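First chain A sits with chain B, and in the next complex the same chain sits with chain C.
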Partner chain A sequence: MISGYLITILITILIYAMLAHSLNLITGHAGQISLGHAAFFGIGAYSSAMLYTEAGFPFWISVPLAAVVAGIIGALLGIPCLRVRDDFLAITTMGINFVVEAIFLYIPFFGGAMGIGGINLPKWFGRDMTKPEYFFIILITFGLLLLVDRQLGRSWIGLAWASIREDEQAAGAMGVDVVRFKVLAFILGSAIAGLAGGFYAHFLTFIMPQNFGFGQSIVILCMVVFGGIGTRWGPIIGAVILGILPEISRPIMEYRILIYGVLLLAMMRFQPGGLLGAESILSRTFRR
Partner chain B sequence: MLWQQLANGIAIGSVYALISLGLTMVYGILRILHVAHAGIYALGAYVGLFSFKLVGNFWISLMVGMAGAAIAGYLVERFLYTPLLHLPRIAPLIVSIGLFTALEEAFRIVAGPHTLTYNARIGLGDLSIGSFRLTETQILILFITIIILIFLWAFLTKTRTGLAMRACAQDPETTSSFGVNVSAIIAINFIIGSAMAGAAGVLIGVYDNQVWPTMGSIPAYKALAIVVLGGLGNIPGTVLASIVVGLAETFFIGVLAIPFPRDAVAFVAMILVLMFKPYGLLGKA
Partner chain C sequence: MTLLEVKALSKEFDGLRALDGVSFAARGGEILGIIGPNGAGKTTLFNIISGIYPPSGGEINFEGKSILRLKPHQVSRLGIGRTFQIVRPFQNLDVEANVMVAFGHRVYPSLWKSAGSVWQPEIQKEVQDLIDRVGLRPHLKQIAKTLPLGFKKRLEIARALALQPRLLLLDEPSAGLRFEESLQLMGLIRQVCDQGIGILLIEHNMHVVMDLCKRIVVLDHGSKIAEGSPEEIRSNPLVIQAYLGKEA
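Let's look at the complex of A and B:
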């Protein structure tokens, strides 16, 4: 039997992998830097939690609905956001993150600083799901998402994203509707982040605004960039490595955030494409 | 009451201006979102505080704090940013975030996690006219900010180096073809911006009478919002936006007592302005 500690870490890493993957859709595939991804993670978690505890929806409905809500809010916020230029977008999404966190914190409807409790692991076959079972549910969902994403990447949509990322003006001149595809990436990325939020809420059973702050957005972005932005498996590997790092560095507790910062800095300074990026040592070694 | 809040808002706004100006200058010339600028700001506060404990004179500690920040800014530019300039802009951004995290941790490990007091007095005393009152540190902040702004303005408009710096912000390649040493200009730009951040760190340390490892966390992101609000890379716009945010914070929280987090005001202002003016208050397309 897997220990409770191990399964908790596994589920956390899996949720982070899902978040990193969803951010990669926006930042890696469509090339739009977002510094506020945790806002959509939080919107998903809160929607799922409210639907479950207040409206009485079961897990199987509240979590997919959370993805829909996050996707819709992603679209609403994305359309005005994407009007602004790249660096403005980065800071605007950051602002959205601060504002969303403030709304959760200051509006009593969302539980305020106390957060929302009483969210349980889902039931099936007339009993509560165990944590390993929950892990496999998330794993299967994520696997399906990856399959869909692979199809998407090969389709006309994937090509349109790639062209926008490489050169927005040229893509526009070739007849790609730049704004529409950017918004589409924003919607999909936000919806998947919302789905991850739903899973997260039911796993933690208790959520607070601080779980979805700007720091969380940075953690997700770091995973994407560390693993290799725009690559298929890079963000997932980044999530695994940066997710395990705090656990294995427990003995050097005092220095672990320092190491995290320095690692990130050194990685970007010497391997700016990330672990799996086109120019990295790893991919050069394994290509031949 | 109104005048009092106005003075408080302008005092806070002028510290924001000192932090944000360096950021906007760096952006103007290198197009990097320099998050670690707030780490330099905190470094300035720490260096200033330690030198104040050694010599006990505010003015010397201000100078030492500015110098320490300037040196740190120069090193960051030379060894971290310049080698990354040819990469997509997300690379220097992540380096900056990593550096900022590492700096905060380094402060905590070296100086301890506690809040240290920076109890500097210059013996000026508070100024009060009726119920209106300016504290000594507020006068100090206003005075030093005005001096620095005048110096900056004179430097940018009256000297050849300042002219070269403005030219670099427009087009580094063309400027270089006119025989300007662009790399030196970038270094000077970083040194001036970082020294201003160091001054802001010292002033906030004295104003709040505290210096702590994560004192840069909120300015790091608030300054970015201010810089965007003013129009990225636009110096007068940044000063205007800093004062606007300082006043908005004081009025919304202090006068109207709206239960809203003070530190989100800058972001709300930024998002509202960007909806109507996508390039900021004074920015041009």
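Let's look at the complex of A and C:
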């Protein structure tokens, strides 16, 4: 039997992988930098928590609804982001993160600094789901999302995103509706982050605003950039490596952010495309 | 047949009059040259026609319908393709994907169709035929940023042709090209025109303009100062003055 410690780490890493994947849709595929992705993770977690504890919805409804709520809010918050680019977009998304965190913190409805407790693992077959079972539920969901991602990569949507990432003005002149495809990226990315938030809330059983702060957004972005921005597997590899690192050696935990920072600097200097980027040592080795 | 009709078009940027009451008409199967000194408003004119900026006043009709309030993607879907003064291919995509993006104008209006696969044999064939036509077949899988300038310009033309346009706006296609390269490009432009596509050509190279165009519009400080055949333009005193300055 797998130990409780191991399964906890596995589930945490899987949720991070899903988050990194969702940010990659917005930042990697459509080229829109976001420094506030944890906001949508939080919106998903709080939505599913409120729906479960306050409205009495079961897990099987509260988590998908959390994705829908995060997707809708992603669309609404995506609209101010459409008018800005690059560094201004980075600041705008950062601002969104601070506002969302502050709303969770200061509005009593959301439990304030105490957060929300009493969220449970789902039930099935008349009993509580075990953690390994929960892991597989998330794994299957993520697998389906990756299949969707593969189709997106081959589709006109993927091509339109690539053109927007390369040159918005030229994309518009080629018939690409820039606004529509950008909003689509924000909706999908936010909805998947919301889904990850729902899974996270039911796993932790207790959430608070600090879980979804700016620092969390940076951790997610680190995973994406470290693994290879814009690649399908890069962000997942990034989540696995950066997720395991602090677990291998406890002392590292204290310096987690420091180590992430140093790794990121090293990556930017030597492998700017990330581990699985087009010109990285790994990709070149395997292509041969 | 009038393809594009521009009437009293004006554009002001923070008090600067970039275009001031410009009117002209372009026909299908004709290359209309647009010349004028730097800062005359030529590129601004293109950016307004292609929907990048709204004009401050005036009208633009394409095939009899106003395109004044349309966004760039709507204008391009109607059948107006363009290239850019400073080339803007999708740098990190290969030649094939660059052209493919523009082929998507048929499916982009439907989100459902847009989710379908790009790489279908019949579309790939169309894309390759087009790339053949501009002479880039050997570079099909080459990343756009690694192409020499002359090839990037052809790629931009291929991309614009993928829209199946009835009007093509070419912004200084020969700028920065060697003599032979610009000759080849002129051949390509003429060939496109012979298919009945109307072309608006901004060009500084007078050899190219005088050779390709039967009609020329001259802009200076945002106003149209002359319109006519190359011979008329060459001998027009206003044009000479705009380019060379007033005689002392």
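Going forward, the second predicted complex is superposed on the first by the 280 of 288 C-alpha atoms of A that agree within 3 Å, B and C clash if a C-alpha of one lies under 4 Å from a C-alpha of the other, contacts with A are read in each partner's own complex, and residues count from 1 in each chain.
FYI, contacts are C-beta pairs under 8 Å (C-beta built on N, C-alpha and C of every residue); 3 or more make two chains touch, one makes a residue touch a chain.
What you see is a predicted model, and the numbers here were worked out from it, not measured in a lab.
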Which superposed partner A:Ser163 touches (first chain B, second chain C, both, neither): second
Partner chain in contact with A:Ala55 - chain B first, chain C second, else both or neither: neither
Which superposed partner A:Asp87 touches (first chain B, second chain C, both, neither): first
Contacts of A:Tyr260 with chain B and chain C, given as first, second, both or neither: first
Chain C versus chain B, contacts on chain A by residue: B
First (chain B), second (chain C), both or neither touched by A:Tyr106: first
Contacts of A:Ile252 with chain B and chain C, given as first, second, both or neither: neither
Which superposed partner A:Ile244 touches (first chain B, second chain C, both, neither): neither
Overlap of the chain B and chain C footprints on chain A, listed as residue numbers: none
Chain B partner contacts - residues on chain A that touch it in the complex: 27, 33, 80, 83-88, 90-92, 94-96, 98-99, 102, 105-106, 214, 218, 221-222, 225, 229, 254-255, 257-258, 260-269, 272
Touching residues on chain C, where the partner in the complex is chain A: 50-52, 71-73, 76-77, 81-82, 84, 88-93, 97, 100-102, 104-105, 107-109, 111, 113-119, 159-160, 162-163
Chain C-touching residues of chain A, taken from the complex the two chains share: 151-152, 154-160, 162-163, 166-167, 169-180, 184
Contacting residues of chain B [partner chain A, same complex]: 27, 31, 33, 80, 83-84, 87, 89-95, 97-106, 109, 221, 224-225, 227-228, 232, 259-261, 263-264, 267-268, 270-271, 274-275, 278-279
